[in-house]
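Heads up, the next two complexes both have subunit A, just with different partners, subunit B and then subunit C.
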Partner chain A sequence: MTTGNPSMPTAVAKRPGGGGTTPSRNLRRWGRGKGRLLYVLPAAVFLAVLSFFPLIQLIRMSVSSVTAATLNGSWDFTGLANFNAGLQQGDLSRAFFNTVIFVIVVTVLGLVGGLAAAIALRHSGRISALLLGIMVFVWALPPVVNGSVWKFLLGDSGLINGLIQATGMADKPVPFLYDEHFALISVALVNSWAIIPFNALVFRAAVLGIPAETFEAAQLDGAGPWQEIRHVLLPAVRPTSLVLAVLTVVYAFRSFDFIYVMTYGGPGTSTNTLPFLGYLQAFVRFDYGLGSATAVLTVLMVLVLAFVYARSVRKEENE
Partner chain B sequence: MKLRPVSALPAAGSHLLTRRKSLTAFGAAAAAAALLLSGCGAGGTSSAANSNEITVWHYFSDPNQVKVMTDYAATFEKNNPGKKVNNVYVPYDQLDSKLIASAGAKSGPDVVVYNGSDASTLALANTLAPIDDKWSSFADKGQFPETVVHQVNGKTYGIQGYVNLLGLWYNQDILDSLGIQPPKTMAELEDAMAKATAAGHQGITLSGLPQSQGEWQAYPWLSSAGFNYSSPDAASLKKGLGTAQDWVNKGYLSKEAVTWDQTVPFQKFAAGDVAFAENGNWQVGTAKSSAKFKYGVVPLPVDNGKVYLGGEAEGIGAYAKNPDLAWTYLQQTYLDKAGQLTAMQDAGSLPSRKDAAADPSVTGNELLKPFADSITSHGATYPDQAVPAKNVANVQLAVGQAWSSALGGQSTPEDAAQALVGKLTPLLQK
Partner chain C sequence: MAKSTRTGPGPVIWTLRAVLFLLYGVPILWIILTSLKNPSDVISSQASLLFKPTLTAYTEALGSGGLVSAGIQSLTIAAGTTIVTLLVAIPAAYGLARVGGRITTVALGLLIVLQMTPQTATVIPLFQIFGSWGMLDQRLGVIMADSALLIPFAVLLLRPFFRAVPDALEEAGAIDGARPWRIFTSIVLPVARNGVATTGTLVFLLSWGEFLYAINFLLSPGSYPLSALLAQQVSAFGINWPGLMALAVLTSIPILILFIFTYRLLREGLTLGAVK
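Moving on to the complex of A and B:
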């Protein structure tokens, strides 16, 4: 069996001659490059078929009149009519407001909770391993199952209300999922709970990457646990925080499953966020054009956030 | 064969290696594409190429309703040796979307059991096949009232094998303890709920989900207040929504109803501490298996209001592999007298055939009789004829959301009514 690259000795032998690259060598290099590119092909095909194509279709749909009757036929171009209709119907502004609140709650709690869990579990041990295992289980739970369990727990006769009433904190059930103000926050809290394990695992990896000597030096300087966290841990996980912040914001922005299972956007339209509004428009009202316009607006907002993130990362790297 | 010199081998090996790499990469790409295609196809396709099998899509999860499907499959397979029925469950909220998506791929089930009110959406999306030729030559066609035949633009797309409608379930034990009779009017119902609540029970359960199920449950109370889709007015809507909100404020009805579909409120009723439940005849089986108290049913006391005559329609998929076998299945199950009585016994469904509806097992059934009485006294076509076919889903969602917002206290009845009329006016224009 031939090992290594058999053509290499020939190329090396020519180099001392100072002749640089030859056409045959360029050809071989191009051939090798092409071979490598072929390995990328499956991923490229996947990306093109599952990401770019749907995105282009989404944009096409958002500027067309597409209903259940025309979905599988030709689509009439309608320009910005779907965007105008979305604005005029009045649901969009409320959904946007709800989305912003939802994203803030999920991002803040997701990051703070994840970091706190990572710090608490930074030392190896049986309890840490057990808790990490449970967290991976929670993270891997399908959102529909997760949401259904929480809907049950947060119901009038659920465990949470049972505990609240048993401990005398309230004499009536707390309307977690059916009060117009509580409902959005409740679903956002559950969503945060579901993302905390992932954030904790990533934060923990960053925390474990800090050399032990750094902590020893801090302790020699008289730093207590809180000062260790403030002056050693937090600066060290800052780059990770930026990445996780963007991932969490995007996660919160596209959150649909928990709302679908727990409130279906209700009461009324209290928990309609942009993704859920898009779902209602496209898959309940079967106005795919209108739903796509809402989805395009959501994508644009995420893109703006991604741009802000990219700028902040570049600034960080330059510093 | 000419032997090549040894010195030529490395170059050839390199070429072979590159080629091998290319083949490997191509194979990986092909495998990925195949995986992708198989993944896309798995969810959409249903009907096997096997000409001896028919696929039936339905959205039943209630054990009693699932039993109807398995009993029908057994009947068909017994009548047609060598033929097989493949029942496929698709969640209620996803059935229409999946049918539309599979029609785009020119695929789909042989038989579709769908919400009758979605007939127009599904027919316009070319997911159902017109069955006029089969229906017109069906010997028992005369047994079916026109209200259970679903036509869109003059073509027939489905027949209902039974009728479902809402009634007022009551807890006999609670009413006896309070010394009151099952209510026949709105005033009597409110009086009974007040007494039940004062005695520590809950008054009533119903669904306030902000979607079509909410609209289905809201319509009797809204129509009782004078609302109709032919000329929707804010005043009657305000009155109807106000009545429901009042029930919440007085403690007759839990605000939690806004998170309940139609299954949950009946489970709450069956638990035994609720005086009434607005629910359907399909709960007969659940009541028998779950309720540990005496119970009964009366027509919804909605005075001059209306109760939708709903139920699932059965049609043949536009891309059915075995449309003739599918029609045979429908004839031997949903459209057959014995088949309809099977559904009545399993799940309390009211037969749509005149001869089956007149069967002693139906007329002598104390739980089904009040529902049957409601058909003649308060029955209304579902969806309302005043709603244009293309806007049925829009209207149901808008009314469901208004109903939910009133029950949940998101809006005052006046604001909810004004906003709803604003939405309905353009949607109801023909």
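Moving on to the complex of A and C:
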């Protein structure tokens, strides 16, 4: 469920530091301004110790030789050897390629599906309320649960293969999760399925924000449902979809739980994305240095994504 | 509310709704059905609808005893994480909502980066750090790691709720002679309580489902929470499907209960954050 954060945090508080309208002594003692940064202190300390310090350790490990034996000893500095090793084994480029495909599939399906669901559920009524409730509940379920369910449904004698064979579309079970070509797409489809409810919820709020008069005006002008969607709905949700697109990219990029549960990176290396590869290298092959190097690369990619996100949010707030 | 009065939902809309129901309703029904089957029924054909319902999977799962302790472990970790996260994130979100300037911009940027960082990038160094601190195989380690994971999310989600609290309310409190801390606890917090409830719920849901830290920092499956147990069993064997689906259902029941009470709040809170 770890979606990106749905709020828009980058805009700096626009109100000036001190209103200054009623300058009483109390107000001044109250210290409107920087004094209240003290409230941030506990979080700053907590994250410095348990987030930033680990990231520094990660960077140190990525340029050292760290194995299970030396994990808590002293590490030999090896420069970029871990990065080179990752590249030469071919794992890195393969994982990078997988990550790109995975992110594209999840983002496109997540956005299109989310918008379609939002349009389908935009009329108020008992049925759409119930459907929305079911979808948000599915989104709220732990990814482990959803991943297990789909592993079961996509199995050789699972529901999906049962239906496919019953309708005669194929006479052998489709190896959704253990075929080199299908596995990555299957997991990406399930990941899109898991994020669509959240995107639908956000898109729906944007759709409901369109004034009723706009629709009435469109109908007076003789617009059919498709024209309504094209000329009224789509322009109205454009700013939302920009931010949502970045959030979905991040969600897909970070995806770990579904891969772990459904394919564990396999068959072979076919569902290794960059974050998952880093995990395997560290905790299955016990080469913590190599895993750290891969993880450092993912953090660098996150820095780029965060920059894009901050810019798209600021752009929307200015519109 | 935008409602096209003339046309109402057309056939395309109804088709879409049917597809949504197939995609989201059927899997839930299916795991419940499967969890009520005998393992032997599932081996022959998983797609059959005709079977004698049995609670074997549940009694077996519950009878093994490990499940109850896993449930307690889940509850402790999720509740502990929620408390720690809220205690740290609420004041931080308030501070960042009220103070502008460069420090806030930088802080928000760092929070976004942390929130986007894949868990792999923290599980590797934390494993080493907890090892040297003697915090492996302890609930406290998992709670601390989960909190560090969710605090950025919580701060960013809470901040808009605090920004929505009018300045005038605080000024009135200050004129009445209330001290800053009192203004925060008895004026601001009650107004922003929906945000706190929404955030608390989401943090609980996320830490209930978190398994990567649990599986790596807790060294024996005996002390795993439900999510880690499920992850380990599904990726390891995946044979006893009724048993696994029973475990999945049992893992989901607390989520269902929480969801029923907080759905309205979530629906509003999530969209409020996202569309301002």
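We take it that the second predicted complex is superposed on the first by the 260 of 319 C-alpha atoms of A that agree within 3 Å, B and C clash if a C-alpha of one lies under 4 Å from a C-alpha of the other, contacts with A are read in each partner's own complex, and residues count from 1 in each chain.
Methods note: a residue touches a chain if its C-beta (ideal position, glycine included) is under 8 Å from a C-beta of that chain, and two chains touch if they have at least 3 such contacts.
What you see is a predicted model; the values in this text were computed from it and never measured.
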First, second, both or neither for A:61, with subunit B first and subunit C second: second
Touched partner set for A:206, first subunit B, second subunit C, both or neither: second
Subunit B versus subunit C as contact partner of A:35, first or second or both or neither: both
Touching partner for A:151 - first (subunit B), second (subunit C), both, neither: both
Partner chain(s) touched by A:292 [first = subunit B, second = subunit C, both, neither]: second
First (subunit B), second (subunit C), both or neither touched by A:121: second
Partner chain(s) touched by A:71 [first = subunit B, second = subunit C, both, neither]: both
Per-residue touch tally on subunit A - higher for subunit B or for subunit C: C
Contacts of A:264 with subunit B and subunit C, given as first, second, both or neither: both
Touching both subunit C and subunit B, counted on subunit A across the two superposed complexes: 2, 5-7, 31-32, 35, 38-39, 42, 46, 50, 71-72, 151, 155, 264, 283
Residues of subunit B defined as touching subunit A within the complex: 9-11, 13-14, 17-18, 21-22, 25-26, 28-29, 31-33, 36, 93, 96-97, 100, 103-104, 121-122, 124-126, 208-211, 254-259, 390, 393-394, 397, 401-402, 404-411, 416, 423
Sites on subunit C touched by subunit A in the complex: 1-10, 12-13, 16-17, 20-21, 23-28, 30-31, 34, 42-43, 45-47, 87-89, 91-92, 94-101, 103-105, 107-129, 131-132, 144-145, 147-148, 151-153, 155-157, 159-160, 163, 167, 171, 174-175, 177, 179-180, 183-184, 205-206, 208-209, 211-212, 216, 227, 230-231, 234-235, 238, 241, 244-245, 248, 251-252, 255-256, 259, 263, 266-267, 270-271, 273-276
Residue ranges of subunit A in contact with subunit B within the complex: 2, 5-7, 28, 31-32, 35, 38-39, 41-42, 45-46, 49-50, 67-69, 71-72, 89, 151, 155-156, 175, 177-180, 262-270, 280, 283-287
